[in-house]
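Two complexes follow with chain A in common, the first pairing it with chain B and the second with chain C.
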Partner chain A sequence: MTITTSTLALDIKDLELAYVVRGINRPVLRGVSFSIKPGEAYGLVGESGCGKSTTAYAALRYMPRNGVITGGHILVDGDDITAMNRNQLREFRMHKASMVYQDPGTALNPTLKISKQLVEAFTILGQSRDHAHASAIAALQRVQIADPDRVMGRYPHQLSGGMLQRVVIAMALACDPKLLVLDEPTTGLDATVEAEVLDLVRNLRSETGAAILLIAHNLGVIRSMCDRVGVMYAGKIVEEGDASEVFDGPKHPYTVGLLRSLPRRGMHKRHAALATIPGSLPVLGSDLPTCVYVDRCPIVSDVCRNEVPPIAQLSSGHYTRCHHPDQVAKIDDLVPANLRDAGDQTVLQMEVSKTFRQSGHDVPALVGVNLSLTDGETLGLVGESGSGKTTLAKAILGVHAGDAGSRLTLDQHELASKITKRSTDDKRAMQIIFQNPDSALNASWTVRNILQRSVRKLTGKNKIDADARVAILAEHLRLSPRHLDMKPSQLSGGLKQRVAIARAFAGDPRIVVCDEPTSALDVSVQAAILNLLAELQSEQRTSYVFISHDLGVVRYLADRIAVMYLGRIMEVGTTDQIFGGVNHPYTEALLSAVPNLDGAPSRRIKLAGEIPSPANPPSGCVFHPRCPRAIAGLCETAEPPVVEVSVGHAIRCHIPPAELRALQSAN
Partner chain B sequence: MTDTTNLPAAGNEASDVLQRSLTERKTARRERWRLLRRRPGFIIGVVIVGIWVFCAIAGDRITPYDPFTDRDSKYCARPPCPPSGAHWFGTDQIGRDIMSRVMMGARDLLLVAPTAAVLALITGSVLGMVMGYYRGWVDNLLSRVVEAFLALPVVMVGILVLTLSRSSDLLSAISFDSRNVLIIYVVALLFTPIVARTVRATVLGERDLDYVVSARLRGESNLFIMTREILPNITGPIVVELTVRIGYSIFTVATLSFLGVGIQRPSPDWGLAIAESRDLLPADQWWPVTFPALAIATLVVAVNLIADSIQTVYER
Partner chain C sequence: MARYIVRRVLLSIVTLWLLATIVFLMTWVLPSDPARLILGAQAPEQSVAAFRLRVGLDDSFFAQYFRLIKGLVTFDFGHSWKYETYEVWDYLRTPLAKTSKLAIIAMIITAPISILAGLIAAKFRDRKLDRGIVLVGLAASSIPEFVTGALLAVVFGLKLEWFEPVYSTEAEKLSLWGQLSYLMLPALALALAYFGYIARMMRAGTIRALDSDYVRTATMKGLSSTQVMSRHVLRNAAAPTITVMSVQIGYLVSGIIGVELVFNYPGFSRVLLDAAIDGDLPVLQVAVIVSALIYMVATLMADLLIAWLNPRARLELGAS
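What follows is the complex of A and B.
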């Protein structure tokens, strides 16, 4: 091997990879080529099923048992790993490359202490036990774990997700790799934690000089982390270039579609519907003779159907595989929305507290939550996990009853606290759309049965009328009749979520709780679902309680937003008030943690520590231990008052709004 | 899971659509069946069990001799006679043809053991579902009872119950068939707690899934949720449990028969036959014991081969 300064950290050349299904090769990667220089960060984006994870795993030659490389080469630090035997491959993975997986909880062995697992990562490299122990402590310090000795003695389940991901990163860096592959490293984490992990990776990259291959479905993450990006579609890289060029001036219709389907630059449902990409990904392994995007492309022409598009070089390093890169700008702009505004008639008034009993201790999960909802309004609920968003949703729905003294008033009458005690009319008035349609739909029922049962149960219609109603629902949700006879497992994620929405709307509900309804979906599917929700709301005057950790989505869809922390409402206001001005310090930190898709650097406000256990909430203001603006001597002793900043905008903070405004505009 | 979307592109014709959805609905079951057929263990198991089931059904219509009479003892001056051209498996101590008795012996066992297993599965599933679904004090109470039962050695309880019922005056007039019914009840009772525990664990994993919450939100009754929502989703583990239980049940019934409290004379039951002839072993007269023992072994192994395959295919 010749060591030159130009040795690429990763060089994938015309990689073709297939999965063998019933003896037939089904191509998954169709000639993927890209390279990463030492110290460079490269991002792969694309929807699920496009081959980005397969590519990431292939970079270390991890493949499922039925995967075969049918062509091309993978060079890591100059070595061709496609030609290696078992021992060479082991040696290579030991010293040259590492991987960080999506779920740190499953990447670590739950039965072994962190120390054992981390020390092993060093003993494998030939270090003595004592040496390895010292290295492990150093590695934890390197990933900014403040108290390495304490963490070493813990089991994985005793650490938070963000902490675990740091440990996994520390392990991955043990061998001082030339290439670090990160596969959705922050997907399951809160935005605040995500921002910290990403900061850490950014720092480590400049510190170690390792090249990074980052896979993420969150385009903002890629934008903020990577120098260059490749956009993948159906096993091909359709566009590649500098991150700023690709995101600001996309030249492939697919990239344009992806970016347009995200709510950007303060877009709101009132202004425009989100752009969607019609159709769906080609079936894995199908024949794609010409342009892979031909069936979904808005600027398709005859030449696209007959010829493989050439690589169109746009500038150094920026290319697109499209016949008409010059026409990309002509792709229709956003469709103006025609939605009715929220009304001012109060539909639901809630005053809820909820205390769980856990092994003899009271755990207050909701503390005096006081909110109202008007007709046709969307109330966004945001906050880190553990802040009580889902508990509030379940209390509203009656899945678990609130504490004595809690009151839920629907259309001027009080609701029973438990679902079993509510009338059929009250049941049909409130429904939910869950995050994960896989578990939300009974896998052994057909779509028709699922919908029909809900219609009949909630409206009391007979079978014939229910059938008619199911047909109408399906049409509304753009489900074709053939989908009705399928089981959920035969539908794509987006279609499943449509079925779940159809079920929620079976009895013309007044209120629908949406619990992260799009976080399991790809961005183009998310756009379609969000548009659909907005349309349904406008037509039927349904109110939504919309829970999401994606502030971009909340900003797009919500009319009002409530920010929750440790079971308390810290701030409530209209979307414009929340995103436009004086904020509670917690809201301020949440907003600053969102990776910015537009590339403008945001000043991040770091929150110290993790969300405390609700079983033992901090004294005074529950947020004071993490608050960057806490006033010593006041915040830890006294509960803050709720201060009205302007009409409809309230903040629970000791700092007067005028002072907050001054502090926040100083940034 | 294999790729079910891998079907020809959708046509627009209504009949095509119908055909397609029908095919898709059957795909999962068909796929499982296809995987099963490819497993040699499954095939071997099915063939062996098939042979024994055939013997059990056909009974003395296909046995070379009458399994209950010693009319052929003239061929054999001093029974038991060793295997010969006339008696492939030899004869027992009163001159009955062992091969005929082994073939016939499958009948009672294959009636009693699987029936007991199915019964245990039904009662155990109901119990397990109630425990897993309601949790709380219902589960606590029933779990303690189940654990108490699990602590008892199966064979000891079997002997105790069956011996007591044999000696009791009330049951002394019991005919052979109702004796078998009694064995079914006893074995089913002994297996119920094990099934209940398995089903309970499975239900616990399902009951908090969103589809169950959704059913509650539209006001479904608990019974509906258990039988219509949850049950169809746990058939896999239940089928696996059934096949495993049948294997254990065969073994248990054979053991009880061997101990003299199970299937009774004059049935040519294998366990019974071993018990009756085991005194002959020290005299080097091995055949009256060996052939029934082999019969039990082949049946139990075959059932377990099937159980293993089904488990692998269901759990993938």
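What follows is the complex of A and C.
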């Protein structure tokens, strides 16, 4: 059409897309329009099911088998890809657009070496085999892989997630695309690795000038990467604008809801409960009300129910589909919390080491972990994957028996190291909530059966008493009686996790281990679950061991935090101490890797390399090979002492706290 | 890998020993007297007693058991009881070769066709072509092979006269090419029976690979669907099919009695059956162990092939 539109990297116009289910079109995208200029980065946010991934894949015209485009156009670099035939589409994907996927582990063919898969991306462009091989090596260097030859000879399962994602990015950049679509590229990666991959994408973007469409549920990631954002809800973009404008001055109630349900910097459960969005997304393909958000909106009025909201232009490039953009400021900000503080009576004392035997070698997974837990306290465990968080949780629960000399003391009596040797009372006292409720709940049982069985197993109650107990549990967790007769597959993710929590609380536990309980959930659902956990704790004086890679969540919920690295506690302190002051260099790096939601520039501390194998731990301080502050001659030879910085705040480091403080405030 | 193979071979030896023991125990507890079975109901009591003495049926339990084990270890299985001039191995060798020939021809016919059919069905999933292939496969494998065999013999043998309707020893005078006319119909009957299994496995494996993320990656790279199939799908889709085929090869050698009877084919299954009916214990014991051995070799080959195709399977082998 006009010259301006033809120069856009991506121009999606009134896109309507439906999934055909039993012969009936179920609309998924309902008139999505947005455009990305060359070199621009555009982010799409929204809860799962809002259509953001469908939009991302549609930008390369990739749809599920039952997907059909029922209206609108998708123009990439001026070409309408909705009108292309199969060969044109193939040429288009080959030369103009590429994609980076959520799970790099499955995005690569497990049976082929990296070399074969990467070289292929160049040979299809017409390069000779040798030329393509050279290009592949260069591409790996471009994504900052230090040893390309070694990586080329590996199979995907032999590489870490961060490394695989670099390979996928290298592959995506093979054709020098005009448009690069990234679908949750860092979900599932550690914060430190996430930060590195994002840095890489940022650098490559300025280098290549490719336009970027980024999908992420992590709003901090979007904020730190994108120039403009679109907020999607029920297959529509409800608000769009510059990232700073949308995040700092949201003008759609849904955007406000999303942002407020996140634990923001400095927020703690003692101060306020997290805001939640009541209700859930409309069912896929259902008829929509006039305003898509009307059922969940806190500022809904009659006009919202009767008229489709017009596009309210707020400034150039910032619009919202809301009747009352001026009223979003009135939405209640903080819900005051009324929680009891943690007590000072020690519930669990742990002194645990755990060594695995692997093909004849000792693999120390936990080394002298010494921690305690008081009543009603939440102890946050943080650290990269492989740091030993889950192993510690399993040792506490008795899944792994600790090495000789390990001691677990629960309420003044020593626990057997193996769960099979523990009494029913001890088992009842310690329960777990898993990350993925889908695999943790028996899919062929009703919720009622699942809960009843736990109650009866743990408390020895008879059927009638157990029924009563299940009803009480359900009420506590806000599960309606209707939900009790459903099977897990009929429940949403949030409800399933509630069932899992109810199961853990079936026998009034003293301690509940929460292993990434909200990382599979949307932010609004996460907020509700975190609130619920805080309330339950306050009422029942339960102690939590809370494992999470999301430092924002840990900061909100935890009273104390232990930072783990290679099976050792590197730092332990109250939440305020950890986030407020002098830190172990590892903690410092972890904290700096978290993408900020408030847009403040963060000075990131880069860690060299990956977490070493526990089978072959570095000498001296295990962190020294990656430590930016390592003292040559000391850190690689001597194990660092544990230094008490202030009461309850200990750091395992050679550098004296005063010096660390000076180094860290210099940043 | 070498360690894995050694372990598998050792495990197979243990399995064979257990099997030999079970077979021995079963023949031991049989109510009928093998000597009586061999010599017939009319035979005088003295000849039965003499026979029992000659073959060692009156020896103690352990003596007989160790004789069997010793025979297996030294590959000296003794003579057939029924046809005393034959050594057991010589007696089994020819039918085993015959059956193997038939099984190989059946596999040559069925494997490429059913693998291709599975691929096509997966590619055109839920469309008419797919439904057709699945239906044909299901029908072919649910009709017993002796029924299809009989039908084939009537239609292609008697009516159309394309092939010989039954096997005859005449065939043995001909070249392999000439024998095909005799072997075609029994092989086809077997091929039809296995078409369904293999095609269905291939279809399932292919669909799983087609739905995978790495195939999505390959498509997004701009590869054509043929390139995607040959470079990314086949390798990943093959594993379950290979497993099924190896099980079938084991079965083809000893379990095709229906086809052998219909076509009057003097194969291994018939020897096995006859030995069981006649009470020819040495032949029966060795035949059972030979068929188990073939089965084990086939599955080992399949596992190694899968490991070669898929490095992750290789990892599992190393770890197990």
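Simple rule for what comes next: the second predicted complex is superposed on the first by the 660 of 667 C-alpha atoms of A that agree within 3 Å, B and C clash if a C-alpha of one lies under 4 Å from a C-alpha of the other, contacts with A are read in each partner's own complex, and residues count from 1 in each chain.
Simple rule for what comes next: a residue touches a chain if its C-beta (ideal position, glycine included) is under 8 Å from a C-beta of that chain, and two chains touch if they have at least 3 such contacts.
A quick note: this is a predicted structure, and the numbers were derived from the prediction, not measured.
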Chain B and chain C placed together on chain A: clash or fit? clash
Which partner chains sit in contact with A:Tyr101 here, chain B, chain C, both or neither? Use first/second/both/neither.
second
First, second, both or neither for A:Gly23, with chain B first and chain C second: neither
Open item on the list: Output check: A:Lys427 vs chain B and chain C. Expected answer is one of first, second, both, neither. What do you get?
Closed with: first
Between chain B and chain C, more residues of chain A are touched by B
Contact-wise, after the overlay, does A:Met171 reach chain B, chain C, both or neither (first, second, both, neither)? second
(Q) Output check: A:Asn436 vs chain B and chain C. Expected answer is one of first, second, both, neither. What do you get? (A) first
Chain B versus chain C as contact partner of A:His157, first or second or both or neither:
second
Original post:
Touch check for A:Gly633: first (chain B), second (chain C), both, or neither?
Top reply: neither
Report task. Using the touch definition from the top, say if A:Gly609 reaches chain B (first), chain C (second), both or neither. Result -> neither
After superposition on chain A, the chain A residues reached by both chain B and chain C are none
Note: in the complex, chain B contacts chain A through residues 1-6, 10, 17-18, 20-22, 24-25, 28, 209-211, 213-220, 229, 232-233
The answer for chain A against chain B in the complex is residues 21-22, 283-285, 397-399, 419-420, 424, 427-428, 430-432, 434, 436, 439-446, 453-454, 457-458, 481-482, 485-487, 489-490, 503, 506-507
Listed in rising order, chain A residues that touch chain C in their complex are 60, 62, 65, 90-95, 98-99, 101, 103, 106-112, 120-121, 124, 155, 157, 168, 171, 174-175
Residue set of chain C touching chain A in the complex reads 125, 212-214, 216-224, 227, 231-232, 235-236, 309-312, 315
